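Look for chain A in each of the two complexes below; its partner is chain B in the first and chain C in the second.
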Partner chain A sequence: MKRYDLIVIGAGLAGLMAARTAVEMGARVLIAGGGMGALTLFGNTIDVLGRIPPGEDIAEGMSGFIDSFPEHPYARTGWEGVEKALDAFQELFPPPYHFSGVTRGNCLLPTGAGTMRPTFLIPATMASGVGMMPASTLVVGFRGFKDFQAETVSLHLRCRGAVIPFPRYRMGGMTAPAIARLMEDHSFVERLGEEIYQRMEGERFIGLPAFFGLREPVAAMKTLEAATGARVFEISILPPSIPGMRIYNRFHERLLQRGTAFLMGTPVSEAIVKDGRCRGIIVKNAPLGAGYQADRFILATGRFLGGGLWAGIERIVEPLFHVPVAQPSRRGEWFKGRFFDPEAHPVSQAGVETAADLRPLNEKGGIFLENLWAAGSILAHHQSIEEKSREGIDIATGYMAARQALAS
Partner chain B sequence: MDYKTEVVIIGGGATGAGIARDLALRGIPSILVERGDFTSGASGRNQGLLHSGARYAVYDPEAARECVAENRILRHIAPHCIEPTGGLFVSLPEDGFEFRGEFIRACENAGIETVSLSPREALALEPGINPLLIGAVQVPDGAIDPFTLVVENIRDAESRGAVVFTHTEATGFLRDGDGVAGVVVRDLLEKKEFTISASWVINAAGAWANRILALAGLSIPMSLSKGSMLITNTRLSQRVLNRCRPPASGDIIVPNSTVSILGTTSLRVDAVESFEVLPEEAAFLVYELSLLVPEIKSERFIRAYAGVRPLIRSGETDDDRSLSRGFSLIDHQKENGISGLVTIAGGKLITCRLMAEKTVDFLCEKMGLRAPCTTAEQRLPGAGIGRSLQDRLLHMRREIPAARQEILCDCELVPRDEVEAVLKEGKVRELRDILHRTRIAKGTCQGGFCVYRLLGMLNELRRERNRGDSNEILMDFLEERWRGIRPILWGTALKEEELIESIYKGLFNLSGELSGGQEAGERGRR
Partner chain C sequence: MINKCEKIPDEARMPPRFADACVRCANCMAVCPVSRVTPTFPGPKQAGPGAQRFRLPSEASVDDWITLCTGCKLCDTVCPSGVPISRMNLLAKAKYLREQGRKPRDWVLARSDLYGESASRLATVVNPLMKNTVIRKILDSVLEIDARRELPSYERQTFHRWFRARPVAAGGFTQGRVAYFHGCFVDTNETDVGKAVVALLESQGLEVALPPQNCCGLPRLGIGDFRGAREMGARNIASLLPVVRDGVDVVFSSTSCGMMLRHDYSQILGLAGAEELAEHLFDVSEYLLSLYDDKKITPAFLPVKVKAAYFAPCHLRAMNIGLPALELLGLVPGLDVQSVDADCCGLGGLYGFKKENCAVAEAIGGDLAKAVARIKPDIVITDCEGCRMQIRHLTGLKVVHPVQLLRDSLKPLPVTG
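This part shows the complex of A and B:
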């Protein structure tokens, strides 16, 4: 049986970041994921703490935030930890498809609902959305592609909208991944640019659904800009997310180059624990089961959607290790009466509590297992959806968990 | 504009719609006003059970006999609204056989056909039943689609001259001495008031009957009983499953197309709009009905809802389940000296045609008209048109070209074409009317994906632009959706909820704090 320095359980952004960090430190790593996590559903830009108003310095905002929420995952990493981790993340994305911020603070990007949304780091294909001026913007949607409603976006952004047929393909059921593949074809993108150009009324910005291809999205963007003479940008759409898949693919490619083993598609079925340490994991893929051993383990299995947490009728559990889960006392208190209550639903604070070094705690407040760390959204006491902090928490805690684990 | 007619009907539930059709078939002009859309009350908030009468056989033989007769008639006039599933009354060890003997005898007396099954025979028919059962009785129960039934009644009435106003509330009566001479109504969407004068006003407002009567200073003795139900993500059984014991809470599962509906609870309430399902009610239904079908414990639920039953009080009883499910026709001239006003209340979905017949018979007698009722013989206009999933798929493949097969709702396979057809009919006044008339938002995701798409399509057709902001409509929809799913959020349903929250609060930032147009507009001006 092959033995690893570190096994990362979970292949979402937190798990990928942990694996990448460990590999850079020279470790032999196995990453085991049931799926690709929320990353490929909602990953577009890198949120760090969207609740800090644009224009304010995020480092300052973060320190005030940590003072107010001393149990938040960011209180474990501190701003310095976030910053270092973001640098490491950005290193993975050299131009042309790079991530950048506009200032030291948040900026606002248009969404698929025509709202503006605060975020921190933006991929090159979305950058022009920040400077977009509604009066000279055209938002284009496509007949047969239902996950981006251009007229809803334009109505709320107060700009012009158009819904046009796709060149070449007249089909009713187009999906973002299918279109992303078409966008790899230069002649298709050129035709698309011409079709858009014909509908323009002198606009200087063109907003399109985020489906500019998986491999060379910036090249597709440049082609469209050449055809239209306008600045072109991608706008986030209903899941799945093509920009999220680009992030996953980049990690996947680099980790494979560095010899990381990927075990994808089947969730880890069992953890072998003995004398206060995790010894290995078992992945059952009927009719076979395989065991994997390591010195250290990182739990980055996400929340309910990722399978890191499971809600029974009355209690929430962490199904793999049975790490205690901090949660409201009964189900009646999991949710607010209103969906859009200004405060987050209490259940979103549920999760795994850890020591300062991100090792999960047992019921008595001691270390749950000597060699187990936790990272990402499974951690307790954050409200990533409301705070707009999903990617920041994943990147910062994934980075920190790997460094802590390998330092042991 | 003010209107004049012979009869005004208040209420667009099963009873009101049935009366409109019956009047139209007898050539009497009428106008129906409904405060919301059709079936917004108990007619649309029930379990969709086509009673064989068995459930009432022991304790309410009269209601049982009505069910037997009406069941037969509905199968003839509205076969497209009915799924003749059959039903089982299952005895578990704790139920014993005591009730069962009485039950079989009572069914025989009411004319309900029964077949006694051994546990093995029952399990062969329904493998999901608790294998510890000690026996079962087969009865001719079924499932019914109340919305189609009501809409078809309305459609038939309209084709024969009846006039219908939805989203229009009765706010007062026109008086003529001691009598009522019509109603004052308010169009709730246009915010306009108008009057309808008529010789007769029929109060068919269901649980809201006393709210209407209060406009004339009257009331009738009525109890309101809330019943909560849960919808599963898959169909648990082919047949309706009941516990074979005295009717109680949490003892019946009704299959309906691709899902099953678990019911019900019975809680006395004071307010008509008591539609909240409590988390403990949901847990109670899951526990009780998992005794009947053990798989329920791990089943995924897609929604909880509640209806308020209007029960007419006549005797001295405090138990709502033992109150008669029969109906009352009240002539307010006889009762209160106010002429021109009739209330029809109580009853059940399955007896709506009979209630309409009795009401219109009464009016005809008062008017001195000799026009016999034909609603038991004349079939509804859509009878014979298939509406099953199979029928819809065949229609889609044959009738819609590939380029236009844009499926707005992936769960229930609703093509854009179908929505455009509904819009063309012109009866649609708001989002909910579209949701009512299609399968959109009725599947697993409960509109989590398709309503955004639908609103985008409406924006494109410029239909919603003067009806208000489509993101506000979307947020209102998500709030309403929340009321239905909050009680059942555990297991897989909670996973999906995290997805939906991540989309609307996260990705689309619809928290209401940053309005896109404003922010972008301000930046644009700078």
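This part shows the complex of A and C:
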């Protein structure tokens, strides 16, 4: 059996961040993901806590938030922990494609649903969309590209919209990854810029669907800016999220360089536990199962979507280790009366409770396993979607779990 | 062209609930190499679980784009819900081809094992013929085998003949015996890979056996010929099972043959004995690395001052064993090896030779070639023969199997007796 310093279970943002942190500390790491995680589902920008109003200092907002929610994952990391982790994340993205905050607080960015959405760190390709001014903005969509409806978006954002055919490929049915690939071809982007230029009516800003290529999105943006004379920005679209793929690819590339092993595709099917410690995991790829050993383990399998939690008939369970899951006492209480209740359903706070060092707790409130830590959305007591805290929780707890694990 | 013998309705073997497991996360769309280069293929989400809901064994297929799926299985490797996407596509493709009839070309390409041996014997005649432009034009227009693509040339002495003819190895094998499944391509077109496997294993104290073997059957499966694939599989299991029951493990050097033997024999073809065999089948690098990790071998490699690009084939990734060859290559001093940032070579086995797929294969491969060029390597290393062919074709660089480089950097064996 192979032996590692750390095995991270889950290849979403929390797992990747944990692996990256551990590798930087010199550890030999294996990532066992049951698929690619949710980065292509979200991953357009880095939310930390969207409920803090733009203009308010995020450090102050966070400390107030932590005081009111002492069980929240952020209460484990503290704002300093979040800040350090975000710095480490940003280091992975040197310019030109860097992530930055516009002020010390949240900013508002237009979305593919036609809303202005608060978020904290944004990639360079979205910077010109911050605080978009409708009167001087043109939103451009493409004929046959169903994942971005420019008419609807522009209607909601109260700016002008235009739908144009793709240059060279005038057919529909192109997917975002296919267009992202074309956007790496300089002459295609130039043509696109010309097509857009012809439809402009003096706008100074142009919003386009977020598909500016995977490798050099800023170069594509600059080419479009040169062709149109306007500031150009990306607007998030339906999955798969190209900006999310950029994040995944960057982690993957850097981790591979540092010798991190990736197991993708088939999830961890079994954990081997003995005398209060996890000894190893079994990854099954039918008909075979392979074992991997490590000194420490981080559980970053997400909630329901990634399979980190399973909803049974009466109870929600964590299927791999059977870590106790904090949850409403009866299924009848999982959902609030109205489905679109602004207060999240109690079920969406379900998750794994941990000690201050992010080690999961057993029923009696003791440490569940000596060498198991948890990170990301599987943690209890957050409502990442409603709070707009998804990426912040992933990054901060992934970072902290790895540091705690390796300090042990 | 309908194969009348094929009675088992394979598409009926897919439990429909798999389609419902899809949570529409679109991870698969993010990685599919085909839908990235052409809008004519709707991508794994729609081709797999999306269309599966509407496919009924009793109704004719309507998805003519299904033949565009290369079967690379990358979609399977990123799906968080365990939807067997590529398998759905394979079964849908089989049904489509059965209804539409396969082209003679499909049979010719899929059964290269039947003429490979003869072609090797006649290599001096066959090879120039395969390069002859008139013949290629005929193949192109009659058989629709794309003329732009160089066909692999045959070697005069097959690998298994070489193995039998070589002087018996000296002995002193401290690590026991291991059997080698070489696959067709090593046997007739790239014998040096097989010779490198033998040299490398022997250098580490392993005695190599060569049990009788056939084509793994993957080319047949690729055109939906389940019956033919099962036949090949059953023969290989009959030959290899007694070997492993004797306590001898089997290694393979082709990741696609390996994928087929290890997983598809049981999971897709449902062959008896396949699961037992799978327990003892290993990728050759995986095998050596595990001996190394267990401190049973300590290979001593001479420094190699080379800059190499390593490409992980799709089927290696689908096996989900990490990148054992890359780890082994890391043991060679002086070797600067970087992983190629690309998803797929696009050849898809025989896929890229087919005229209607050639443009797709070239577009996917073109992205790979660019990723290779960014590394500016002296050589390219990859475990799959299809990838090697494609990368040679697109970059003109020297492309080798990891075992070839490892063999070349072995310290010369001490001369005994």
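As a working rule, the second predicted complex is superposed on the first by the 407 of 408 C-alpha atoms of A that agree within 3 Å, B and C clash if a C-alpha of one lies under 4 Å from a C-alpha of the other, contacts with A are read in each partner's own complex, and residues count from 1 in each chain.
Just so it is clear, a contact is a pair of C-beta atoms (placed from the backbone, for glycine too) under 8 Å apart; a residue touches a chain by one contact, two chains touch by 3 or more.
Worth saying up front: this structure is predicted, and the values here are computed from it rather than measured.
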Chain B and chain C placed together on chain A: clash or fit? fit
Name the contact category of A:P239: first (chain B only), second (chain C only), both, or neither. both
Item checked: Partner chain(s) touched by A:A311 [first = chain B, second = chain C, both, neither] -> first
Notebook entry, point to check: Which holds for A:M25: it touches chain B only (first), chain C only (second), both, or neither?
Noted result: neither
With chain A at the apex, the angle to the CA centres of chain B and chain C, rounded to a multiple of 10 degrees, reads 90
- Please indicate which partner A:M264 is in contact with in the superposed arrangement: first for chain B, second for chain C, both, or neither. second
| task | Give one of first, second, both or neither to describe whether A:G173 is in contact with chain B, with chain C, with both, or with none. | result | both
Return first, second, both or neither, reflecting whether A:I66 touches chain B, chain C, both chains, or no partner chain. neither
*asked:* Between chain B and chain C, whom does A:E386 touch in the aligned arrangement: first, second, both, or neither?
replied: first
The chain contacting more residues of chain A, comparing chain B with chain C, is B
Between chain B (first) and chain C (second), which, if any, makes contact with A:P287: first, second, both or neither?
second
Between chain B (first) and chain C (second), which, if any, makes contact with A:M36: first, second, both or neither?
-> second
When the two complexes are superposed, chain B comes to within a least CA distance of chain C, in Å, of 5
Chain B and chain C footprints on chain A meet at residues 38, 41, 171-173, 238-239, 305
Within their complex, chain A touches chain B through residues 38, 41-42, 44, 108, 110-118, 132-135, 141, 143-144, 146-147, 149-152, 155-159, 163, 170-173, 236, 238-239, 303-305, 310-314, 331-332, 334-335, 337-340, 342, 345, 347-348, 384-386, 388, 390
Listed in rising order, chain C residues that touch chain A in their complex are 23-27, 29-32, 35-40, 42-43, 76-82, 262-263, 266-267, 274-275, 278-279, 290, 293, 317-323, 327, 330, 338-339, 341, 367
Within their complex, chain B touches chain A through residues 278-280, 283, 286, 402-408, 415-416, 449, 452-453, 455-457, 459-460, 465, 469-471, 474-475, 478-479, 481-482, 486, 489-491, 494-495, 497-499, 501-512, 514-517, 519-521, 523-524
Touching chain C in the complex, chain A uses residues 2-3, 30, 34-38, 40-41, 169, 171-178, 181, 238-240, 245, 249, 253, 256-257, 259, 261-267, 283, 285-288, 290, 305-307
